[in-house]
Amino acid sequence: MSSFLLVSAVLVLASIAIGLVRILYSRQAADCMMAAQLVGTGGIAVLLLVAVATETAPTGDVALMLALLAAFASVAFVGGMRGTGSKATEGADK
Amino acid sequence: MNSATLFGFCSAAIVGLGLFGLIVSPHPLRRILAFNLLGSGVFLFFGVVARRGAAAGLGADPVPQALVITGIVVAFSATALAVALVLRLFALTDEAAPTSEADPKAGAEGGHS
Amino acid sequence: MSGLLHAFTILAVSAGVVFFIAGTVGLVRFPDVPTRLHALTKADNVGLGLVVLGLLPYTGGLLGALKLVSVWLLTLLSGAIVTQLIARAVR
Amino acid sequence: MALVFDIGIVSLLIAIGAWMIMARDTLVAVIIFVVYGLLMSIAWVRLSAVDVALTEAAIGSGITGMLLLSAAARLRQTEGAGARPSFPVCVAAGSLCALISAGLAGVVLLPADVAPTLAPLAVANLADTGLENPVAGVLFAYRALDTLLEKVVLLLALLGVWSLGSDRAWGGAPALGAYVPPNDILVFFAQVLPPIGIVFAAYMTWTGASHPGGAFQGGTVLAVMWLLVMMAGVARAPPISSTKVRWLLVAGPALFLAVGFLGFVIAAGFLAYPVDYAKALIVLIEIALALSIGVTLALLAAGPPERTLQP
């Protein structure tokens, strides 16, 4: 069972990495935020899978902390964008 | 090759990357970023030391762990101060020369504290 | 019974991983922001939900299971908010 | 198989770190920094350092990411200020840094007969503190002076940030959440999440005595929740001249210091605890510290005062 969970964790990690590549050729800041959101959720999944697979110390709290703070990057981003009056559709990668 | 050694190599690489960014980055905010990267590499190194010092039924030595927790909090306060300095600096240079771009030379000095 | 639980975990976690990969593929391949958001929410909500569901038998106690479920509920909430924020910022 | 996972996460960390340095756009670099912090907390879990993983998740990617993202958005116009150094300088710097990395890697490889560790000592004396989490034992008993001084550093940093406001705004409030329209989705979020966050922060602070967690993590969650409320405009940032805010700022360190001096009377010396009451005193200090850390970190991230006080 533990090796199955680890393989799953590696697969989710790989999908995170591919999702990050999205930022590389993205033209919009919104895409970057989406990728960050994907990494947030994927990271929580990876953490839970690895914690159960390797039977490390209880990591439910770490996952809770990540879930609680996952949205804040986007909130700060959108708030900052509004503050400067610029739009998220502007090129992120000039 | 065990995983502690692996993370040790990771910390070495990150310290190098952070230092490189600190030297070559033109924008002060990027230097703050690089400074944080460098710091996290050093913290990771402490983590490897802690992991190797696992004993007495603990997964890792608690003393380096406590040092790293303190370090992360202090690094945040330094980052907040540095960001405030950079924002103030650009605000002042904008006031002084509203038409021209912010002065890069003046900006480069206040990047990190 | 234990064999049945194992099968359940394998099924749920595999389905969750498939949703994560599908969501990523959507994020990379879909043409505009709303469709990409659509793909992202599938990975977020269903993918993590299935992984959490599959891991529930291994949490060792009610408190651990409760924590795991609240992780998922929190992600649902913040995911919904974030997609709204991004969609409105783009519009 | 676990090693394959570790190789995956290590290579992802290095790749993201390199990308953060190389990215052309500052905003993209900051978003990558948030992602990096998240992956770093997974790495800390792999190193069996759950306390650090919690701190990294809360501070490294949470509140630092927030601070840097809003700063990057505000500095959008200054993009391209300054020029990269010339190619030879880059090469020289690159080789210097590669040399330092190689040196560090050599230190990692260096065979140590017995890895230095204080873990047995920490565990042996843990019973005297009444705590069960050895990291909390180090933070609040063995190296309490460090923790106390760290609080002072936080306050000094806050003084530094405040003094960067313009003279007209002194005593005023940070200009957070000035741009939120009413009935925005952000307002809803700022009304729903903070109650959950406060419960979690209390749990973190309380559980820190026996499980991973503690005042730092709990305080950071409090700070982030307050920042959310301020950014959404649900409650405006308080003026820095407010007496209530200043009392909250010093409450934690002051209580810590008072208990420290009390140690001369009721225990062996400065910052020593009597064995019978050690846990009660430490938990009391942690609760006060969590509040103070929450207020300090939130105000640090909120920045210098920009709005002048209404007469």
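Letters A, B, C and D name the chains as they come in the text, with residue numbers starting at 1 for each one.
Just so it is clear, contacts are C-beta pairs under 8 Å (C-beta built on N, C-alpha and C of every residue); 3 or more make two chains touch, one makes a residue touch a chain.
All of these numbers come straight from a predicted model, not from anything done at the bench.
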Requested in this report: Starting from the Cα centroid of chain B, hunt down the chain whose centroid lies farthest away.
Outcome: C
Query - Two chains joined by the most C-beta pairs in contact, as defined above - result: B-D
Query raised in the report: chain A to chain D: how many Å between their CA centres?
Result: 20
Report summary line: Distance in whole angstrom between the CA centres of chain B and chain D is 13
Query raised in the report: Centre to centre, by mean C-alpha position, how many angstrom separate chain C and chain D?
Result: 28
Query raised in the report: Can you list the chain C residues in contact with two or more other chains?
Result: 74, 78, 81, 85, 88
Query - Touching two or more other chains - residues of chain B - result: 59
Query raised in the report: What positions in chain D touch 2 or more of the other chains?
Result: 2, 46, 48, 63, 67, 71-72, 74, 77, 79, 186, 189, 193, 196
**Report entry** Each pair of chains that touches, named by its two labels
**Finding:** A-C, A-D, B-D, C-D
Requested in this report: Report the residues of chain D in contact with chain B in the complex, numbered from low to high.
Outcome: 2-3, 6-7, 10, 13-14, 17-18, 20-21, 26, 29-30, 33, 36-37, 40, 43-44, 46-49, 51-52, 55-56, 59-60, 63-64, 67-68, 71-72, 74-75, 77-85, 89-90, 93-94, 96-98, 100-105, 107-109, 112, 115-120, 122-124, 134-135, 137-139, 142-143, 146-147, 150, 153-154, 157-158, 160-161, 164, 216, 293, 297, 300-301, 303-304
Query raised in the report: Across the complex, what residues on chain A touch chain C?
Result: 1, 4-5, 8, 11-12, 15-16, 18-19, 21-22, 28, 30-31, 33-35, 37-38, 41-42, 44-45, 48-49, 52, 58, 60-61, 63-64, 67-68, 70-71, 74-75, 78, 81, 87-89
Query raised in the report: Any idea which chain B residues touch chain D in the complex?
Result: 1-21, 23-27, 29-30, 32-34, 36-37, 40-41, 43-45, 47-63, 65-70, 72-74, 76-81, 83-88, 90, 101-105, 107-108
**Report entry** Contact set on chain C toward chain A in their complex
**Finding:** 6, 9-10, 13-14, 16-17, 20-21, 23-25, 27-28, 33, 36-37, 40, 43-44, 47-48, 51-52, 55, 58-59, 64, 67-68, 70-72, 74-75, 78-79, 81-83, 85-86, 88-90
Query raised in the report: Quick one: in the complex, what on chain D touches chain A?
Result: 1-2, 4-5, 8-9, 12, 15-16, 24-25, 27-28, 31-32, 34-35, 38-39, 41-42, 45-46, 48, 50, 53-54, 57-58, 61-63, 65-67, 69-74, 76-77, 79, 177-180, 186, 189, 193, 196-197, 200, 204, 207, 211-213, 217, 221, 224, 228, 231
